[in-house]
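Letters A, B, C, D, E and F name the chains as they come in the text, with residue numbers starting at 1 for each one.
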């Protein structure tokens, strides 16, 4: 049960457009805050897009998502989960990047995540581009590889770009497998689509036994069936949930750098997360929201709604018998 | 059969971007117009958003919808209904609000609607925020409570906001039930979703027997099944149709103050109105379009298209055997 | 097998935002280029919107689509088709219009298309408004009438606008039938919807045996069933594929002049083209993208994605046994 | 003195965002209205852009300007002129164009303007592109040539475009001189700038004695000096005032088809009209506002403000000793 | 000299797009913070627009200005003032409004401001609409009337709107004079322009001796001369600086509810504040920024820049001999 | 005298919205083109923003500027210069960057520029962010240091960011001085403004004798006086002209990453370049246009207009007695 300190401001008291914007109106806890040790799930920003091969801007996402997330209320409409009442959640601020130095930034993220993990905080991080996932995994998974459920239109398993660059947002999961941070047998990638350069990513996946579910298979089988398989692949061990906003159709989420047409709608985009119930999600992220390509702010608002869905699944993993569970 | 005076300008004669914008290019009839007594269905604007708890702007909707509605043509593509040829329709202008005084505005709306109702005009009003529905109901339903079919993502049944405010766009249907303007047993609310503060609205609904159909139930059962139940709940008595644009998914209708992800698409958004055929809709409204959050004008154009769907159902209720009925 | 000269620049080498924008990063071949005679499929712009009855701007589409199309990669994700490797494709530039003279412009388009057709080039043209299709057909189909598969929300079969104008974007297919350019018995129009002026277009279709599939029928039967019938109607003879972007729902493709709500989503919008596999598409177009009504550029990016789908079908028609065919 | 019928709705009574939008909230008088004969100055829309050589959209301007003009109040802040109280002003609606036929449209405009002129109405027309000015002049100036004060960044004196087209928005004043509608000796063109194709327009101006004041001369000499010369050139005879919105700098008025950097700011843009006091402006227009390129609506609002300035000058010409004149 | 606790985060350390957005990256001090008593100048948000007669949205300004203000650095480029180093500045959060109850909101603002004033905090408040200024003055000036320097395009001295409403954003300064909160002899209003309903505001000003400087006088005399007079009018007593963003030309600051063309540019908009050096500004505000009408965020960024200018003047009033003063 | 091959397409022949977009509609000459050796001035894109400390997006500028530049015509309106007729100009395409590797990208730019310089081509490059200037200088100025005229709101003379990063867009001119690429005694920086972190840049400038002209001095003295001094500082030796779009006021040029209010308007922005007549500009650039922050495209269009101004000055330096010189 979360204590009062960790309750967000209610829109019934202070209108949702008012007040300083933190993730979901939670308290902001810098690292040196006296309650920093009491956090169960920490929302944390990774404002960096230095791995972007195409259109930039994801560095602006944490702030835009904080703003939009002030429209989130306390209770999940379907499961009844009240995550803020169930476990201690907080906004841990951003991990300061070095916008012009990838190596420095990756090290900063890894170090901070490792510290949080050492304290037992489960991070829900907000990118930034998808390369941000790699240092998070490095900070978390040195001990043993994690399972992965990835919602994305791209596999991000490519070997290199631009004549040899291996640290782009097209490569993180290949690197994570190579570094032993992820267990290929427990990896599932859902929603893959879009025109292709070649099959280098597919070959890697096949060679390592990574399960790829294309968008055609996704729609043909339906969410329930696909997600049942996904849960089976990932199993009961600790797992990472990574959600690239370009999983969603560009009509719903235009604010991203490399959109691919033909993805799920918003109802489906939220539904797949609900179907992760029961997985032991020890960390998660939402990446690739690019506010400069989101003039109406709709993608940020969708991202905030997805963050809440992820948070509910993470809270349920920590408190599977909490009274918040189950719809009254 | 409508007479010539009430025919809209055709886009075949005057291009649709030309001319002064009235609702669907209908004649504008101020209250003192000589033909004011001959109107069967009056489209009327309620440019007021003083009940808005979150993002404002619905005060601008009537004008934006007039502009967009000049792209509407004469005939329904599925039912063949030609509403302008079937009953006398007109644009009655706006009810002038007092932007800084809710009580004054509510009284102005109620008085004008009561006058129209007294003349036998069936109002199709264009908000404004959802609180506008309350004075319309007061103007219409003093005699006996109406049934209600509501398309919305929120129940608007909450007790109070901001430490006691009961006249916000989150409260009108609770007030309408309390005032005896609506018959709870004949109320159905369709599309409800989004994170929740608490269950105060649901408790009220359960206590009064108001039927709530969540978006999950809506999608699981399908439109035909859900709407068959809706027609049964509402029955054959006089009924009010209220359409909050936030019923529709924000990817389709971003221009609204409190969007909730995971709603119906445009085909479904129009389809549910067609399924109201047979109900005795004596008045209706479309509310919560907020043009400042609709930079492309798409939400206004959808709103205009929905207004035409509602108008066709209202015309059919008045002229069930009109020659316009039935697709050739 | 296409030769090296005709290969597009890869985003793995040069980032997709870099370089001069040609269609899909293909080489630009003016008419006098030494390789002009080796082109199998020529992408060509028709920047003209002088037949527009409502909102203009389609004249800007070829440039916007070139820009967006630089995000297209080499290989189709489902069929495995690699069109650039299979047949020689090129960007042939634009056919220069006379923005203030319809007759002059129509003649310029017809002449240039006839020249290309004489060389054996199959044109994939990019409008422009839908009236552009008429001179393309005139340039192509003098010898014998073509079949037609049309994706559109309007039939464009109307007799006249504005008191007698017959050369608008609402009339091209009526003119094409009257001129013997299209074979009515091999014409299918898919996705028709929206409010109607009258039934003049439907009467013409019925009188000539043109098959109209409304959006209601489309959704009720499903893509596979509808497209099977479409292939049967069009048969194995030479056929034209015309894709009006307003076929797609305005939430997905807002950037067009006469949007109609209730159309297919992006997955369906691409899927119907894939279902044209097997047809002998000898020429095609994508029309009515209007960049001034597409501030986010999303409609242009969808248009580019649709162009690639069409290109793959055209390439397959030319090289049905190419190694690119079939998903590995 | 204007009578009560012709008074606009006050924003003190009905908020400015409410009500059906007519120019400056004036009464709408169709041609057959009983008071049509009492109008002194008629605001009239010309929603046509068929002469546009570059970016289209001016057809949408009359409606956008009506909407924006509802923010105009009753009294000029500097001169004290109250035009609506001084002379009978009205919104005469739009002259219906034929969007696909220039000759037809030009004839429609000329005929209607001639009718109004015959009744003694002084037209203040709202384009539309600059070619609209030509038929207005034809309708007005058959009897004797008018003087002209033109605010513009282009001379619109070119001989032909696109291999011979003489009816574009780059040619109207050359045609008007050739047709004897304007007196070259009483013509002044102010604000001319931008890169040039050649000097064909300047040669024509020099040959006919038309005075061109470039933007460099405008800024160097200052408004007062330039406008004193302008008044001298135009003299006391009947004159036409034509205001192309691209006279104004694109930072102030981006919503136009052919913007040229380096123009006046808003204070200057209004000031030059005030300096036309004393001229006998018998007709005027504001042209080339293009709403699709004006997403924020700012150019429309500036256009409405300029229309009010022009209206005040026209009213003063009709009632030079009206009590409204002179600042209290 | 400010202490370390009150120093903002530097963009040299943490990029300006990163981190939780507070005003100018200052520490956020809720009322119960242990250092709340040490604040000299408190930036505070008033997210309320319930007094708006025209276009709403100023309720969103405090959050938008916090976001934009993270681009502000430490030192004034002209005066050399380093306000954060000179006096203790902090972000005090927002005063929670009641969006549907004006009386309640005005009371909340008055109470909180009075509390701050009682502690010796000088408030720099960020509206909200201009009616917000009234309760701030009530909270501050019960003891004795203040002088006023107002930058605005409207006098806000009107008696009533909409048939009697006196609490709108068009009335606050009339109320403040009537309530004795401001000393009319020490009031100066600069930049007044725009069309007028009548002269009721000017009559009131003349009757009370309030100095109005129109924009014409402003430009004719120049900033230095006008501001010298302004300083003389206001004198050395405690004064309030109120800055309505609609003082600035709409080309520079489009994001406001009632724009009037012909105002100062950005250089002048900042310059007039610098010319307030020497005045004893005990409180100030920036009002009427409306983010829904500011899609590009430019008005918010200008507002943040103006806030910094005001803050420098307020800091100088508190520490006239601080080492930060004077350009090195 | 330029030959026919190098003439741009005229808008009199092909409308300006048509055709493939190259800089100013010039021929595109890849490095291996047969005429590559005949180019006098080469426009070349540098689509890279990896040195950006704040808001990204300048990587998209070359393409946006190509698009906008198709509105440029042949002749300068004031000087009469016809650059394309005077010297051979061409679009050399883009230098392909490595978006995720700064060192690699800097090397690519330097190498290509050195090659061009070796051939005698004078480059007019289009960034990209301001760090792009550094490798251009390295490619050009190994032999001897150049003079510099910089239009900018920032000095870009800072030592380091983010704890030691020296390769950001805030550092290039410090690096260039340190590397001996620029001669400090011949450097002038014009338009400097905005809040400051500290005075590290000013100290460096003072120590090296670099002339900084703040925006306050610029406006106080006027363009003619300031630019006379600038010409004197730079002298007659070879000089580099660097134009950062943030020199211009953000109301005019919002599309940039680090805007500072209070800059020149468009007339002044172009005028300062004209005042560089007589300088021996051997290379130049325009940097920091960021299309994602330029939704209306206005900044790109201004940038294209500034490029033309620069091109005219560069052409005049090569052909001081060309017949194009001097206004007829």
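The criterion applied here is as follows: a contact is a pair of C-beta atoms (placed from the backbone, for glycine too) under 8 Å apart; a residue touches a chain by one contact, two chains touch by 3 or more.
What you see is a predicted model, and the numbers here were worked out from it, not measured in a lab.
Kindly list the shared contact partners of chain A and chain C, in label order.
Both chain A and chain C are touched by B, F, going by the contact rule given at the top.
Starting at chain A, how many touching-chain steps does it take at least to reach chain D?
The distance in steps between these two chains is 2.
Cα superposition of chain A onto chain F: how big is the rotation, rounded to the nearest 5°?
It is a rotation of 180 degrees, to the nearest 5.
So which one's got more C-beta contacts, B-C or B-E?
B-C
Equivalent interface to A-C, which of B-D, D-F or A-F, with over half of contact pairs matching by residue number?
D-F
Quick one: point me to the chain whose Cα centre is farthest from that of chain C.
E
Which chain has its C-alpha centroid farthest away from the centroid of chain A?
Measuring from the centre of chain A, the most distant chain centre belongs to D.
Could you state the distance in Å from the CA-based centre of chain A to that of chain E?
40
Would you please write down the residue numbers of chain E that are in contact with two or more other chains?
As it turns out, chain E has residues touching two or more other chains at 13, 15, 17, 53, 55, 59-60, 99, 161-163, 249, 251, 265, 293, 295.
Determine the shape of the graph in which chains are vertices and touching pairs are edges (line, ring, star, complete, other).
Shape = other; not a path, cycle, star or full graph.
So which chains actually touch one another? I want all the pairs, not just one.
By the stated definition, chains touch in these pairs: A-B, A-C, A-E, A-F, B-C, B-D, B-E, C-D, C-F, D-E, D-F, E-F.
Which of the residues in chain C come into contact with chain F in the complex?
Per the stated touch rule, the residues are 13-15, 17-22, 28, 45, 47, 59-60, 62-63, 66-67, 91, 93-94, 96-97, 99, 295.
Quick one: which bits of chain A touch chain F in the complex? Just the residue numbers, please.
It is residues 49-53, 55-57, 59-60, 98-102, 104, 161-163, 165, 167-168, 292-293, 295 of chain A that touch chain F.
Taking the touch rule as given, give the residues of chain D at its contact with chain F in the complex, in rising order.
The touching residues are 53-55, 161-163, 192-199, 214-216, 219, 249-251, 254, 258-259, 261-263, 265, 293, 295.
Residue numbers of chain E touching chain F in their complex, please.
Against chain F, the touching part of chain E is residues 10-13, 15-17, 71-78, 249, 251-252, 265-267, 269-270, 295-296, 298, 301-302, 305, 308, 328.
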